[in-house]
Amino acid sequence: MELIINSIPLLFKGLQNTIIMSLVATLLATVLGILFAFIQIFSHFFIKAVVEVLLYLIRGVPLLVLLFMMYYSLLYSGLQVDPLIGGSVVIGVYFAAFMSEVFRGGILSIAKGQWEAGYALGLRTHQVVGSILIYQALRIIGAPFINTVIMIIKGTSLVAIIGVTELTFVGRQIVERTLEPFLIFSLVALIYIVMCYSLSLLAQHLERKIGYVN
Amino acid sequence: MPFEIPLFIRSVPILLEGLTITLILSILAILLSAFWGVILLLSMRAGKFSNAFARVYIEIMRNTPIIVIMFFMFFGSGVIGFPLSGFIAGLLSLVLQNGAYVAEIYRAGIQGVSNRQTEAGLALGFMPKRTFLLIILPQAIRKVIAPLGTQGVMIIKDTAIVATISVAEMTFQARLLADRTAAVFEIFTALAIIYIVLTSIFNLGIRVIERKYGYKN
Amino acid sequence: MSIKSDLVPEIEINNISKWFGDTKVLDCVSLSVTKGEALAVIGPSGSGKTTLLRCINFLEDFQEGTIKINGEYIGYKHTTTEKNYRKRQHERDIALMRTKVGMVFQSFNLFPHMTVLKNITLGLTKILKQSVSEANETAHQLLNRVGLAGKANMLPASLSGGQQQRVAVARALAMKPKAMLFDEVTSALDPELVAEVLDVIRELIAEGMTMIIVTHEMSFARAFSHRVAFMAEGKVLELDVPEKIFENPQNPRLISFLERFHKGYQI
């Protein structure tokens, strides 16, 4: 139908923002996630407790609520922050809590024997991590990492509510104009599905490549 | 901007006006998803075609953002002349999506029970179906309690999204309040705390169930 | 003893062949085990001995041949009308035949969510339709017999490997099978736990239980089995009494196989 052909360019513009937000959020979530994971594994009791409580609190709140928190706070404080950036940051911090679990699992699942073998050779902690564990951990976290990225991409759809012109927002705009919700939202869904399913296939492929079971 | 406790406290009752709907929506969504997940699981095990349909359905639901599904249901139903209320559209969307996640959890739980258990059952002389019911299923149920708990928490949090289709649950109330007042930080902090309390109670409940039914491995 | 039991073997394997894709894992294997006989099956890994055992209770399908237990077919019925001269049995008949052979696995495969007692009585109550009290009594007797009298209400996880395996033997015996199949039942055990399981098997042999034991325990096979079959590459290469097999082996592959065990081990 003509409508589809006309909508696609607009939707793709929205898609650009979706991709930008997803990349920024993923980057932030990964960096923070690794940081939190290391704190949870290696830190002393007090810092570890603070971080774990913080992560628990973040995981207990809907992402939408955090986005609203950011949006309205910025609104009323008068700071001029593009909700696209603000949204990306909030999404990044939110999913950092999930990423920390991914990285924590990856690091911990390496058999203790590997640590001990490394220490026995005379390596120090950072050397053991850098030379031995990194490669094994990467094989293990590959799939859950990608699954979290898929969640991030889906999470960016919520910023449609605070006016960011990403894919879902554009979809809604078109529907309000044309009153073809089934068609347009199916198209929107299709674009998300193509993106996320491809990633999920990649994750499945990685899971298969892991091979060994503990 | 200083955090004003009185405003914080005064926003709570208003937010709690939406709590009933949040709770009802959450409970219905959880129960119906658990049930819908069983149906999907059965169709996955029923034969090549029904398995294919189920898998396609699951992948569609897993890879589409919930808000898109809700908009689809809510606005779509309006246009074809059978307008669904935000509550029904939201509930439907939650069940359709989470049923898919739950079916996957069931499937993984069953697969996680070793083939050797099936062999031991068959070797005794049990038919395949009875082996499944008596030996595999009880073990699978113990395995899925934790993942189902996590999914339940996700459902509770996703109910916040129906605020965008005008359902008067807690987040909606918060937004109304925020549009009228300047104490936005206090309002949303209160909202966040209520959600944390809700999900924590739910998590505790899951842990009680886990302890009672003895989770294996 | 009636004439029938002398003529009709307890386990009869007729020209079994099995392929996994292009690989032939069992090559026209024929074997008979008479009532009361303990047959040991030895051989290198991949020789097909475990696969053969699993064909007997039809946990593995086979493309050619038939198997009979106590004179009755399992898996495939011989017929003159079907293409391969055999017809696959219904699930129900296969399940019924499986109650006539007991199998004990290398990894015990006890049901972790049930007590030791329940593991043993499950088949009795659900398949043989015995009453709970009847089943419990049988189970307690069997537990006594394998030396685990007080363990009825414990969960498998709290038992040692040797104890779990003895429960597995009791579970299989509960169904009063015509024959027992032991699939490398001591290979997964710590060395000091092996003896308690072998003792149980030895007693069963003395009591006249028909059995096939796939094993690496050469000294046990030498001392207590009635015949030994040596398998390699899906074929039975030599089949004789233990004295001949271990002291006077003929087949070259058997000779080299035994040589590997001779080094440092007493036979």
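The chains carry the letters A, B and C, assigned in the order they are written, with residues numbered from 1 in each.
Just so it is clear, a contact is a pair of C-beta atoms (placed from the backbone, for glycine too) under 8 Å apart; a residue touches a chain by one contact, two chains touch by 3 or more.
Bear in mind the structure is a predicted one, so any value in this text is a computation, not a measurement.
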{"item": "Most distant chain from chain A by Cα centroid", "value": "C"}
{"item": "Highest-count interface - the chain pair sharing the most C-beta contacts", "value": "A-B"}
{"item": "By mean Cα position, the chain sitting nearest the middle", "value": "B"}
{"item": "Chain centre separation in whole Å, for chain C relative to chain B (CA means)", "value": "48"}
{"item": "Centre distance in Å when chain A and chain C are each reduced to the mean of their C-alpha atoms", "value": "53"}
{"item": "Distance between chain centroids, defined by C-alpha means - chain A, chain B (Å)", "value": "20"}
{"item": "Chain C to chain B touching residues, read off their complex", "value": "57, 59, 91-92, 95-99, 102-103, 105, 107, 109-113, 122-123, 126-127, 171-172, 175"}
{"item": "Residues on chain B engaged by chain C in the complex (per definition of touch)", "value": "116-117, 119-120, 122-128, 130, 134-135, 138-139, 142, 214, 216"}
{"item": "Touching residues (chain side chain A, partner chain B) in the complex", "value": "57, 59-66, 68-69, 72-73, 75-77, 150, 154-155, 157-158, 160-161, 168, 171-172, 175, 179-182, 185-186, 188-189, 192-193, 195-197, 200"}
{"item": "Chain A-facing residues of chain B, complex", "value": "1, 59-60, 62-69, 71-72, 75-76, 78-80, 153, 157-161, 163-164, 171, 174-175, 178, 182, 184-185, 188-189, 191-192, 195-196, 199-200"}
